[in-house]
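Chain nomenclature is as follows: A, B and C, assigned in order of appearance, with residue numbering initiated at 1 for each chain independently.
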């Protein structure tokens, strides 16, 4: 009866099940295509996608660009939008959290624009910027700025009021309190925004490239649909997922480094 | 005293309890070392020890939430094999159901045992009154202060009509004022509805104020019993009473507790 | 009776004299100024043709909306289009939450279900829901099915994830309470797991709802004969910015209303959370 509540190791079955689950998933997928249960115009098998993946590094056709070009364009657009969102959103959010005038002036506009999904901006953006890179960056920016503002705002709002009162008794000015107390204490929330905003930006990339693009991963997907090539659609989807994960890991690494640097 | 039990038999009987935890799959932590303790019917026993002395683990073992590595616990001669409604446990962190009102919390025990609605409402109302929360039946826990929350915790444990009450540092999170007040209340509630009580605390004053008997624990792991004090002061007790202070001095001297 | 008055918190509000500085820093005053400035700037930008003809004046938008209320567009009035989009969301959202929430709860309660579903879920999670539009059209054509499918895909993830985390983050000692009071495993699940997970489930529903809007609009932009996304894409194709902006205004209003409804439902289902939020 001694050690029963302490599980020293996970049962073998629990370690095997995830692997089995993944194998079954890919196996079924492959077989469904091989046995033509689903027509080949609708679904490509994992192996076909992998073959296309290898080919697309050197083959421009039929969509007009190499896979590396698609990835690079998308990453460029996403990062430009992301950085702009950080540059505008974080200072705005911080200021909204502390200065009542800033909050009063920007909050209603922010609240009006917030419920509009970035996708809905596409037609207007095409009117304004045409189909070049600036329009896509704008849509990504719109998507990324919301979490930046909200998190920085909340971060400042959650500052320990005792600290602020303490600073006031020392005779600190509003600006000094903002700079010395509110911003540092909001930093963890702001760093949280880095990840969330990135996820938003990356998701919106597909929206941005949905209607008007000639290169990029979202365009690859759209092109695959127009040409009825499911392997191209799925390759595009997988590459977006994969690139998103890679960027997420990189950002996470930097976030940890930065936070560690601050704590030291 | 009930007659069917032969005299001298303890209500709670702990025999040679030893507990070893295994942390993260390899590290062994020896928490309790051969604890033997008997509690008589309707006795108020306080286990006094500093943090990390294994006293909460002992209480959880008696509650049946942990199994002892060695030794056994008997209640009325019956071996404890798991948690059960004949023991009521009051938690340090209140552990109220945030989604239930005060009434819903207190009647939870009878409800789980299948007591009909009308009856369990009566039981709940009785104990809500006992802990002095009349008028707060329909409040949610987040609307209550810390002391009131723990009143609900006590009422909830009482509502199951347990023979043994186990209280695990119930007032540890309260401010000194409320804590003092709640100690008085605990004594009053116990006088009104006598139960066998095992009360864990790290506060000497609380121990002397409440206990018939105080069991002190050594201040380091593995937890061992140190000294047992009998408190024969008349109730209600006064913190500034000479006898009170003398006992306090004695306990402080004898243990590493410098509280 | 016992005196518990010393434990009840009191709230005191301070009254300050009214001064000009007070008015200037009054939140509602500033909100008013902000709205006014926003619409003025918009109007001026439109008049000055900053975006050439790409920005209508605010009153043109109102006029356009008024017209769309009565003149049918592709066989439907504005309300008809609102309903078309809302209907798609409701269907997709209902299906997704009915499957995802129980699945999330089961994953949290049963290690075996978790071991089977979690890896698949982690595999599909990083794919943005909008990326599914193309494959959905290949699979289901351009009809209603593909739109509902995308909404299901998009809302599935937050619904499942929050239900899962909601149960995972339950204070384990609450299970001890149930067991001490004489309850069994079934009681633990009914009395603790479910109610404790409710707020998290609702948080998930809110996120899911905003994703659902993105999905339905994207799907309607790609191919549709009705819906709010159809209005804005039609406005673009006809080069009528007033129609585009009008569509966006309606989208914002409807999306906002729906999220308020979910909050209202949450307050109704979880009354214990009411004052935690307002603090």
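Odds and ends about this structure:
Please note the rule applied: a residue touches a chain if its C-beta (ideal position, glycine included) is under 8 Å from a C-beta of that chain, and two chains touch if they have at least 3 such contacts.
From a predicted model like this one, the values you see are computed outputs, not experimental measurements.
When chain centres are taken as C-alpha averages, the shortest distance to the whole-protein C-alpha average belongs to C.
The chain pair with more C-beta contacts between its two chains, of A-C and B-C, is A-C. Seen from the C-alpha centroid of chain A, the farthest chain centroid is that of B. Chain A and chain B, compared by their mean Cα positions, are separated by 51 Å.
Chain A and chain C, compared by their mean Cα positions, are separated by 18 Å.
The distance from the centre of chain B to the centre of chain C, each centre being the mean of the chain's C-alpha atoms, comes to 47 Å.
Residues of chain A in contact with at least two other chains: none.
Residues of chain C found to touch two or more other chains are absent.
Remark: chain C residues 1-2, 4, 6-9, 171, 173-174, 176-183, 187, 191-192, 195-196, 198, 270-272, 275-276 touch chain B in the complex. Within the complex formed with chain C, the chain A residues making contact are 13-14, 17-22, 25, 41-43, 100-101, 103-109, 112-113, 115-124, 126-128, 202-203, 205-207, 210-211, 218, 221-222, 224-225, 228, 230, 233-234, 236-238, 240-242, 244-245, 248. Remark: chain C residues 24-27, 29-31, 33-35, 37-38, 51, 53-55, 111-112, 115-120, 123, 126-135, 137-139, 210, 213-214, 217-218, 221-222, 228-229, 232-233, 235-236, 241, 244-245, 247-248, 251-253, 255-256, 259 touch chain A in the complex. By the touch criterion stated above, chain B contacts chain C in their complex at residues 63-65, 82-85, 87-89, 91, 93, 95, 97-100, 108-109, 112-113, 132-134, 140-143, 145-148, 156-157, 160, 177-178, 181, 185.
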